[in-house]
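Same chain, two partners: chain A is paired with chain B first, then with chain C.
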Partner chain A sequence: MAQSSSASDLSPWTALLLLAPLTAVMLLILIYPLGLTVWTSLYNGRFSFDAYVELASSTLFLRVLRNTFEIAIGGTLVSLIVGYPVALHLAAQPPRRRTAYLIMVMLPFWTSILVKSFALVAVFGNQGLINQFLGFVSGGTLNVPMMFNRVGVILGMINFLLPFMILSILGSLLALDRRLILAAETMGAGPLRIFWKITLPLSLPGVLAGVLINVTLSIGMYITPALLGGRQDMMVANLVDFYTRQTLDWTAASATAVALLILSGLLVALLGKVRGSAGLAGAGA
Partner chain B sequence: MTASSTPAMVELQGVAKRYGEVNALHRVDLSIAKGEFVTLLGPSGSGKTTLLNLIAGMITPSSGRIVIDGRDATTLPTNKRGLGMVFQNYALMPHMTVFENIAFPLEVRRLSKAEIQRKVGEALELIQLGHVANRKPRELSGGQQQRISLARCIVYNPALILMDEPLGALDKKLREQMQLEIKRLHAELGITMLYVTHDQDEALTMSDRIVLMNGGRIEQQGTPDTLYFRPETVFSAEFIGSSNLIPGTVEIGADGSHALNTALGRFDAPAPERAIKAGEPAVLLVRPENMTLTDAATPASVAGHIEDSILLGGVVRHFVRCADGSSLIIQELNQPGRSGAHRGDAVRAAWQPQHGRLLPPAPAG
Partner chain C sequence: MNELFGSSRVARGLVSSMAWLCYAFLLVPSLIVIPISFGNPGQIEFPPRQFSLELYRQFFTDAAWWGSTVQSLIVACLTTLATLVLAVPAAYALARSRLPGRAGLQGLFMMPMLVPVIVLGLGLYLQYSNWGLLDTTAGLVLAHVMLTTPYIMVSVMSGLSHSDVALETVASIMGASRLRIFFRVVLPQLKTSIAVGALFAFLMSLDEVVVAYFLTGTDSMTLPVKMYSSLRWELTPVLAAVSTLLTVLSLMIALGIIAMQGKTEASK
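So, the complex of A and B:
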């Protein structure tokens, strides 16, 4: 927000020329397929909204939709609760050590989501490390199912969501003026009050940005629910897959995809409203 | 010094602070009396902020003891010291309104809603900013923000207020206005104030006592008058006011009378407060306003020619180049009909010997 765009000094033609390659790529890989999807959802021999009407009355779709939102919001909440303390700790580190820790935070991105998912099964599965340990201490009576159900999906998801949450909260925390904390201390405020009254409210832009990114990313999750979820944990992306590959109903698949797009768009807009005046740019460091 | 009559609010005993190899503060002893207005004055890097932050508890001393209001506070956390601090950048909470900002220290002290309402109202009244209570700090001017941060400090009646260059970011006019306002608050509320500045005029205007810092040590302390008229070192003389310094060697007569042998002649001078032995190097200080331009060759006078004269409203400043190449500053009152001295005129700069002051020479380096 603060930085003024020096691009405004460019002549319109230069600006257009600079934007042309990006525009071409976007047209090719985003707008064209999207247009095709919308077209497919509306045109099946003839032009109609039938696919959407059917979707709205399909219990499968509605159940999957509810799953999707529950899982996305649940995953985001867990990621927020786990991520905030991590960001707080990172912000308190000297810069060099913080960089080392940040690399660790980014580590999950270095492995394929497939490998990570199987690794999670090895730890949390019925025969996994944790359950083996629980079985050992309880004499074989205790076994907590943590994979191939909702817990599994959320565990798999936060693995992927956390770095985004941590980084956006960290940005806000690093932008926080340390002298405010010192001022509060001289006025007699203890650490808890300082956290609730100063640190937390001033890091809210980062929290909201993190939530926004997390929700957006998790709504479109596909591999994780497929690998780590149970039959009850199908998400919208899996439903699209189901229509295209199992029933070969491309119209329904397209309509589902478009519905997902619209719903995520609405959600993002809603969260953007909640954020109030703080723009996305204000959230970063 | 001044602290002997009233009980001390702050007492530093041999307090030192090291940062690795850097000695930010050498062993400092300082006592501040209750109700006193003390200014820490000194050049950049002399340890003013370090000293203030040690008292505030934001840093812990490498050695020594800090006593605040009779209580050993050396290792007491900041939030238990019960003092107030005004920051150069105001440090107002950007997400709170002016009212909430001033109410914050009262909420910390768990006052009732009604009482908070009343006290914040009074504080806003005191700084004449009642009408901005519901604004956010960023909607205020720099001067208004600084007054709010003052109000936030005085609202909970701390016994001691620390200020680190609180007016540094304000323009000259506003700064002078705020100086008077702070002085007024100090007089009205009787709070002990420790004020940091590197502006000598500010220190002279505001303080009961000035503590002059140099390289992590206290160079000299005393009333503004003492520091101005009775500096003990060349550093003090040069830092406060402007000065003419003539180097030479000390000569002591049989009757104990002192004189300085210099390249410009031999000048009588009062005996220094701290004895300097005969034959040792010393510096003669004469303030520009104690020098006049004459034609007569009085004993305490130096020949030279006027290099420049500048008019500063009520006073005129002459720059006189002496025979040995050194230069002197002479300041005279600007009166109507003042005989005009012109550039290049041969003149004598004269002073009363009793206005001279012998100082030990500045340490090398």
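So, the complex of A and C:
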């Protein structure tokens, strides 16, 4: 064994040679700009934490931070409430049919976020499919604004988040030993009791991972609040853009970005603890 | 019988109606753009009251739309090629060497997946404005290489962990050079995982909007950036045609990837 692996092993120099180009690109295009962002937030003629002190006392930043948490947590909760039954439904299907349904669930995952945003406006907008229907039914009196406000952001958000939530819960449900349920049924437990005592507790790891993935993905959202929200629905990522382009205050933009980086770093670390490092792969995109 | 929520008909009915509502929510919006794209060119209309290809004509003849599409395709192709050339040898070196600090390097290659993309957008914007790389194709391709590396890495590493090391050992004992082993023994076994990673990287680059929005201007504007500003400021019906074309393309790529993954699993 030791012999066979040494024969197929690369010499350290060859390995270095193969790794060097990508490492150089990553240092230059990933680490350097991140460092530059931190630097810009701290150094403005002189070295200071002023930018962070200013952020902490800025009503705009605090309001945006509150929005971000409200939207991220609200979106995640809706995604959990909608996603859990879907995961149950998928888990109960025979494998072949499950694959077919899964493709439907994964479709938004493959679709450009801009296409999804446009499509959601076409369905939920003021002249969209649903409001046309409501207007038709009510004789033109009923129009529910569901876009360019908080509802719009949440709709866009869950359209993006649901596949991650569903897949995460489905993983737990499929790993669940079904003989437990059979045994409980044989012993006369009702469906509610079975769900409450067996299915739900055993699926909690998947729920927890799904929730963390959803929160992590949603706190950094930029496109959805910009396109589907109103002016009051600005999130942290939009504030970074606002400081960069509107007020040209790169120091404040960098400090905001660093705050977001730390926040999402904490969430990613937590997720890593919950799912092991392999689980992080699902948090991308 | 052994269903996860017991055998209650009410529970089952509730769960499946909830599930179908959700499938509809995930599916219908993307499908509805298709009939809109063949309808009234004057406004976004569903159900369409006329049939016309006018929106597609506008898309293919308007320099702003078609130009940014060509730019996106160029960027996505260059990105995919460059990432493959950089990441496949690096993944191979990570899998087949005992270099100290491998875990750290792997972490570095995976990191773009874990950093909020807006933070990378801002950092690159600050960097490129110093270096004069703003609004250049090269600058955008570099940024996309960084963003797509983790995905090609994941795919190729998993391919390598399934490939047969013994074949490499045999080739090495029979006197094949390292280079020859890599091209004749390793790469052929990685064909599928490289293709899957490449398709994924291509699609990601083609759809990437946040970084591109920070880094491009009028000279190098990509399709997603053009779509973003159109969604923001004018909401033209041409978007329906663009969306339909993009959805069909993503769907083809997704099905391609699923088919290839299915094939590798079946052969194992």
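Basically, the second predicted complex is superposed on the first by the 233 of 285 C-alpha atoms of A that agree within 3 Å, B and C clash if a C-alpha of one lies under 4 Å from a C-alpha of the other, contacts with A are read in each partner's own complex, and residues count from 1 in each chain.
Heads up, the rule we're going with is that a contact is a pair of C-beta atoms (placed from the backbone, for glycine too) under 8 Å apart; a residue touches a chain by one contact, two chains touch by 3 or more.
Predicted, not measured: the structure shown is a model, and the values here were computed from it.
S.K.: After the superposition on A, what does A:159 contact: first (chain B), second (chain C), both or neither?
M.R.: Touch partner of A:159: chain C, not chain B.
S.K.: With both complexes overlaid on chain A, does A:177 touch chain B (first), chain C (second), both or neither?
M.R.: first
S.K.: Considering only touches as defined above, state whether A:29 meets chain B (first), chain C (second), both or neither.
M.R.: Second partner only.
S.K.: Look at A:190 in the shared chain and tell me whether it touches chain B only, chain C only, both, or neither; answer first, second, both or neither.
M.R.: both
S.K.: Between chain B and chain C, point out the one touching more chain A residues.
M.R.: Of chain B and chain C, the partner in contact with more residues of chain A is C.
S.K.: Touching A:244, do we find chain B (first), chain C (second), both, or neither?
M.R.: second
S.K.: Thinking of the overlay built on chain A, is A:224 touched by chain B (first), by chain C (second), by both, or by neither?
M.R.: A:224 sits against neither chain B nor chain C.
S.K.: Figure out whether A:108 sits in contact with chain B (first) or chain C (second), or with both, or with neither.
M.R.: Once the two structures are laid over each other on A, A:108 reaches chain C alone.
S.K.: Which of the two partners, first being chain B and second being chain C, lies in contact with A:201: first, second, both, or neither?
M.R.: first
S.K.: Chain A residues touched by both chain B and chain C?
M.R.: Shared contact residues on chain A (touching chain B in one complex, chain C in the other): 179, 182, 185, 189-190.
S.K.: Touching chain B in the complex: which residues of chain A?
M.R.: Against chain B, chain A makes touches at 177, 179-180, 182-190, 193, 197-198, 201-202.
S.K.: Which residues of chain C touch chain A in their complex?
M.R.: 1-8, 11, 14-16, 18-19, 22-23, 25-30, 32-33, 36, 44, 46, 86-87, 89-90, 92-94, 96-99, 105, 108-127, 142-143, 145-146, 149-151, 154, 165-166, 168-169, 172-173, 178, 203-204, 206-207, 209-210, 214, 224, 227-228, 231-232, 235, 239-240, 242-243, 246-247, 250-251, 253-254, 258
S.K.: In the complex, go through chain B and note every residue touching chain A.
M.R.: 56-58, 77-85, 87, 89, 91, 93-95, 104-105, 108-109, 152, 156, 162
S.K.: Sort out for me which residues of chain A touch chain C in the complex.
M.R.: Listed in rising order, the residues are 4-5, 7-12, 14-16, 18-19, 21-23, 25-27, 29-34, 36-37, 40, 82-83, 85-86, 88-92, 101, 103-108, 110-123, 127-129, 132, 159, 162-163, 173, 176, 178-179, 181-182, 185, 189-192, 194-195, 199, 219-220, 222-223, 226-227, 237, 240-241, 244, 250, 253-254, 257-258, 260-261, 264-265, 268, 280-281, 283-285.
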